[in-house]
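Letters are used for the chains, namely A, B, C and D, taken in the order the chains are written, and counting of residues starts over at 1 for each.
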Amino acid sequence: MQFFQDLMPSLRIGRWTPSVLRKHLLKEETESIASLCHMMMESDGEYSSLLLAERILNAYEKLDEMGRLEFFTLLLDDYDIDVGQTRNAIEAYEQNPDADNLLRFTSAAEPRRQELLRRINLAPGGTRRLVKMREHLFVEMSRHSELKRIDTDFHHLFNAWFNRGFLLMEPLDWTTPAHILEKLIVYEAVHEIKNWAELRRRLEPADRYCYGFFHPSMEDEPLVFVEVALTDRIPGAIGEILHRDPESEASDNPTCAIFYSISSCHDGLTGVSFGNFLIKQVATNLKMRFPQLKTFSTISPAPGFRRWLQAEARKRDEIAQLMDRFDAAADDKLRDELEKIAAHYFLKQKNSRAQPLDPVARFHLKNGARLERINILGNPSPIGMERSFGTMVNYVYDLSKVEENHEKYVKNNRIICSPQVRKLAAK
Amino acid sequence: MQFFQDLMPSLRIGRWTPSVLRKHLLKEETESIASLCHMMMESDGEYSSLLLAERILNAYEKLDEMGRLEFFTLLLDDYDIDVGQTRNAIEAYEQNPDADNLLRFTSAAEPRRQELLRRINLAPGGTRRLVKMREHLFVEMSRHSELKRIDTDFHHLFNAWFNRGFLLMEPLDWTTPAHILEKLIVYEAVHEIKNWAELRRRLEPADRYCYGFFHPSMEDEPLVFVEVALTDRIPGAIGEILHRDPESEASDNPTCAIFYSISSCHDGLTGVSFGNFLIKQVATNLKMRFPQLKTFSTISPAPGFRRWLQAEARKRDEIAQLMDRFDAAADDKLRDELEKIAAHYFLKQKNSRAQPLDPVARFHLKNGARLERINILGNPSPIGMERSFGTMVNYVYDLSKVEENHEKYVKNNRIICSPQVRKLAAK
Amino acid sequence: MQFFQDLMPSLRIGRWTPSVLRKHLLKEETESIASLCHMMMESDGEYSSLLLAERILNAYEKLDEMGRLEFFTLLLDDYDIDVGQTRNAIEAYEQNPDADNLLRFTSAAEPRRQELLRRINLAPGGTRRLVKMREHLFVEMSRHSELKRIDTDFHHLFNAWFNRGFLLMEPLDWTTPAHILEKLIVYEAVHEIKNWAELRRRLEPADRYCYGFFHPSMEDEPLVFVEVALTDRIPGAIGEILHRDPESEASDNPTCAIFYSISSCHDGLTGVSFGNFLIKQVATNLKMRFPQLKTFSTISPAPGFRRWLQAEARKRDEIAQLMDRFDAAADDKLRDELEKIAAHYFLKQKNSRAQPLDPVARFHLKNGARLERINILGNPSPIGMERSFGTMVNYVYDLSKVEENHEKYVKNNRIICSPQVRKLAAK
Amino acid sequence: MQFFQDLMPSLRIGRWTPSVLRKHLLKEETESIASLCHMMMESDGEYSSLLLAERILNAYEKLDEMGRLEFFTLLLDDYDIDVGQTRNAIEAYEQNPDADNLLRFTSAAEPRRQELLRRINLAPGGTRRLVKMREHLFVEMSRHSELKRIDTDFHHLFNAWFNRGFLLMEPLDWTTPAHILEKLIVYEAVHEIKNWAELRRRLEPADRYCYGFFHPSMEDEPLVFVEVALTDRIPGAIGEILHRDPESEASDNPTCAIFYSISSCHDGLTGVSFGNFLIKQVATNLKMRFPQLKTFSTISPAPGFRRWLQAEARKRDEIAQLMDRFDAAADDKLRDELEKIAAHYFLKQKNSRAQPLDPVARFHLKNGARLERINILGNPSPIGMERSFGTMVNYVYDLSKVEENHEKYVKNNRIICSPQVRKLAAK
């Protein structure tokens, strides 16, 4: 961000920071992090906060796992709410509900680590570094569940900072700067991009598009991105998308936009969801650009399907036999059989909250999409077999119905699907 | 922001929105604001929030003063914290301080209008429109003090959103787009800019600079801006800056950067201070660009001085007589006399919190500046006489000392000043 | 251009060139221009050419009129073609038409000042400064017709450099940088823009557009710009465009784009015409942006009309009487009479090359436009009365017919006009 | 270029041109190229020229070699100068040297194909496509030497269009758009870049820089680029540059900028040299950015050396024996021997124009560089052995002396070299 590049010489570690500055900034930190945090909360000199923020992050980034656990414990114990003070404040407000008492209460009721993290955010690249810090926190949380209390504060702050009103949707194509494109290679989670040649095949053909959300203070890093192919029809197999010969002509008059991969880039932003929004915004955007588009659909994996099949196989012989006989070369009969089972899986099998078992299904159905079609062997690659027993699903986003579908799903647990899938499940 | 421009056809009211869209969006709102707010808090379909946010703001912006008071009262009464629930939550957390209880408590402890405002922020231009809303709130607050409770929430949200880590410092010069420059004319608060010709004289000469802070979601609107002149010496009169013949050559080798005007642009951001930070960042920036600069100083008004003099005049005859005899043409003797009184005013006269009476002095001294010199008749214009009895003050920012000075001022109420001023005050 | 900004310290005279550099570059030139030009043509060290180019232009720009005449005379006499050498070269080529002989001939046949000017173009801002030089040349040419020989070379070079393949069409609106917008105020040649407030009324309303051509090496300077209003119908009076209340709503569904002002910015580019091209490109551009547009028309002055009327008045009594009785308040009968005369003027009166007398008519008809309507008192302002006896003309650009119309006009001297105008002229 | 993107729907073949437009534009051309060229020269409707230009280039690009030869023959025969007319014009000018006669003569003296090519340049991407056309011309020229006459016109036009006053120097780094970076991989001519990982190692480390020249009408294509490494000393082996571990720290205080690769990108621009200029401009630029830099040097191959050695070996036994014994593992004694021979080669061996035999030496010496050091086995890789018998040479650019050196070299055939090399050659 221009802001920090312009800021203070001692903070500019760019491509070639004069060595004297580099030394100054990177000199051995003599204070403990605990003491630096204390100094920062004491200070109300905003300008010094900036240097302190940098020193804290520098010190933090040199910690090993043990050190990070200590730091998180510090946040947990020393920067929590003061229950007694909070209780007094709520009583005072109850008796005299004026602005001063409200402010006193809301201040007391906010864990002090929120303010600490807000101040740390002043450092150059602060936001990005705090997102990383939360990733470390997840690791520690898995072993020290009490740290979850800290995470509520990270989550609260990130929700405010990454308010979708602040996000920018940007196209990503072959004219995008290389240091951003390489992140696509790193972060692509659904269909691996092996190298730059493959990346180019994803971005350059006239029928391929990619869009990402960016945040102004992490402008070189997509938060989430989605890959789209324009086609003549809803594809039944991911290979139609991934292995189209790039030299062959794209369709002259595509009517479908296929979302074939959506990847979140930062674990540290878990719980701050953008994907929902991005799909609808990209759909809207493409519709404006290519009015001839009629259908917006995904081609998605079914990661819970194989897991469920295996569990069933232990209980039911006919499933076990089916699984034994089934492979990438399965014949039509076998495929039909599996399709019925899959339809049953998606429509009838529910978790404890009466939602479908499949996490991808939950995501798209909650967004208001319609489960359109189940494609047995839609991805017969080893990884497709491993992940979803080869099955791919099309979820269709009908923009005029997503809100209504969403309501039905959320309020009545209704799964919106095509008649064809419903019929299959009824067999 | 690209985000919203790209968003949904129905939300794009650009330079030439097709009439059908315009009509759709601007159609008569049939729901009450209260009901729209209720719908938005009920909804968890994020995409629909966006439309609701736009509808709420549209409806709000058509309200008259009475309507606004009603809306604020709605926020006050219906979107406050639930004291009982909060109390229960704090007790639960006390007994079992786990993450769930903490989250339950912090959620309960946050007035619900904060979430409401966060969702309203999703609308196109939401941030800017909420800043405006707070300006309306100030008007109502002056008559209905209970509304101050709402303002604590606006203030809290704006502090998070306008975290200085998200601000961009940008130079403003004669190559800046016109729609931004015209804001300088509108917002300049210290030395009025009458027209474009005058604006050009402020921005174009080689020795004149201007910088502003911008926020990514209000990118056409400076939040605060500062005007700077490069000179050979600290000016004793504002005329040296404002009325330098623009055709005459700027100094070939300037050593001083003079901050001669700093203006905040949005009343709705009161309490979210940037000016402090901006001055230091601009100073750092200029130092890097022009290493020959040695001194960073303001030339500032003294708005409390005349007020104080008039009060004193009612008590002390010699002050009354001095004021009678004093005008823009006063001789050296009179000026010396007034200078001593001014030094006394700045150094000895304190308010109830043991701080100087002059608000501009408080601002710069708190920032860590040094009161360098008092310039009697530094601004002998009618407005200067009216505002500060003609007096201008130089506050010097020595970047290597601002933190130390700040600490002394904040902790020990010490006024940092030059020996010369101290001597005067001692007379 | 970045190129020169990055070039050599001694050439960068920016907003704040360190004085030492400024002095170096601006030091007294001790060589004569003649000698500098000689050195440059001798040198084949390209890097030194750059400095020499700067020195030549610096020296040139300090010349008074007498000095400029001397310089042009130098170009005329010392940098012409060598007739003898050229004749030998053409003979050699005739005998042996190989590449070497061709090169030798074309080199000899090009006046040497072309190469000199090409090298001068290397200086920072060279192109712009050479355009200015040609403006000086025009002044001298009017008194020293032999200098026209030099102008053929300027014209030849500018035609190559300003090849339309290198021009950029850019929208100009209220978000355009101020230093470019101020040029619109300066260069507007048809309907004066008095100040920034008026400029804003031309650019900001939703139904007003402006486009200009730019050249990469003069990127802050439009070469030509055109102002457009979107309307419901072809306006009969310029006041409908210029004095529409900016607060009133623009038409919701405009069908016409009206080119109401087109201005060339640099006299020094005379003979390198862009206006023709710009109108058609803007029309194409607007059509793509607003497909509902059906009609592209100008509302243009008739600068030759009053002149011709006055000449006629001296010959014909009825014209003299009409002119006496006619003013901005003329009744319908008088207006009808004048309209018939005007139709006659446009369609029947020809110059020696069998073209219409009116220069604006010649421009648009040659471009392939159709003379659509004559508007008596279309501009009843004093300047409109003075310039065109109040008459405004609509020329319609039907993009599907401009080529055909152009051919008819150029090859057969046919004036394309509406039946209505033809009928009037026949009366 | 924005220009053409905005131009006419039928000309926009972008990422996704609606099929109807594509068909329109790509429809079978029914006219012959000869006839299209004829139509274009006849037409003076500039707007139609644009379409004709596109049709001509479209037709041209579908030609096979035979067709291209025919087209070039058309240019040669039908668009040459008319010798008779030219002779008449020169005589008329001799008798009456006025502007009209000069214009008539210069017009006659310019082969008509120049105007034809200027008009073809109006097509979208015209410049780039004409550069390609000249590459085809080179192929035909090698077999049909009479076509060289056409090339003089291409050369003349390109020299005017690519006047260095129009070029932009741009840094190329890891934030440059991918479609530009991939051109570096394609065009790198000196030290092959195998893939994106290697490209990144060239661009991303803090001590590596790359700059290219761009032309406004070919903005996605570098014309020439140079790669630079900042180091502590002049490297004796290219491996120090190419194989520095990218993870290791770059020097904290580099004093040398090493130009280790310079590549021209377009054969079609042969004879329009930029490399000379680029090196000096990059050196100036780096000096301003890193004032601590003292030395600007290349590390260059010696492509003529092996060739010359082999020729000598046939004549002199001791050379033949040396070559037999010499390989990448040669000992000091052998290396010293070869060094002396190399010094002799560079300083004493001349071609028929009394210049050094080595083309790289000629390039840098003509630019005003100093032959600083000969590095035996500076590039012991197979390709280095193959190309230069392993020898690399440092040419130092002392900006304060390049002009003087250049003059000495050009006027007196003096080879500027270090005392050390001179001494070696004297042995």
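The rule is simple: a contact is a pair of C-beta atoms (placed from the backbone, for glycine too) under 8 Å apart; a residue touches a chain by one contact, two chains touch by 3 or more.
Note that the coordinates shown come from a computational prediction; the quantities given were computed from them, not determined experimentally.
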Requested in this report: Work out which chains are contact partners of both subunit B and subunit C.
Outcome: none
Report summary line: Those chains that touch subunit C and also touch subunit A are B, D
Query raised in the report: Through what angle, between 0 and 180°, must subunit C be rotated so its C-alpha atoms fit those of subunit D, rounded to a multiple of 5?
Result: 180
Report summary line: Of all chains, the one whose CA centroid lies most distant from that of subunit A is C
Query - Interface sides of subunit A and subunit B: same vs different residues, half threshold - result: same
Requested in this report: Give, as an integer number of Å, the spacing between the C-alpha centres of subunit B and subunit A.
Outcome: 36
Query raised in the report: How many angstrom between the C-alpha centroids of subunit D and subunit B?
Result: 56
Query raised in the report: What is the distance in Å between the mean C-alpha positions of subunit A and subunit D?
Result: 47
Report summary line: Expected list for subunit C, residues touching two or more other chains, is none
**Report entry** Pairwise touch network: line, ring, star, complete, or other
**Finding:** ring
Query raised in the report: Every pair of chains that touch: which are they?
Result: A-B, A-D, B-C, C-D
**Report entry** Touch list for subunit D against partner subunit A, complex
**Finding:** 15-16, 19, 22, 173-179, 181-182, 195-196, 200, 206-207, 230, 250, 252-253, 290
Query - In the complex with subunit C, residue positions of subunit D that touch it - result: 1-3, 6-9, 44-48, 80-81, 83, 86-87, 90, 93-94, 97-99, 102-103, 105-106, 109-111, 118, 121-123, 126-127, 145-146, 148-149, 151-153, 156-157, 160-161, 163-170, 216-217, 276-277, 280-281, 284-285, 288, 368, 402-403, 406-407, 410
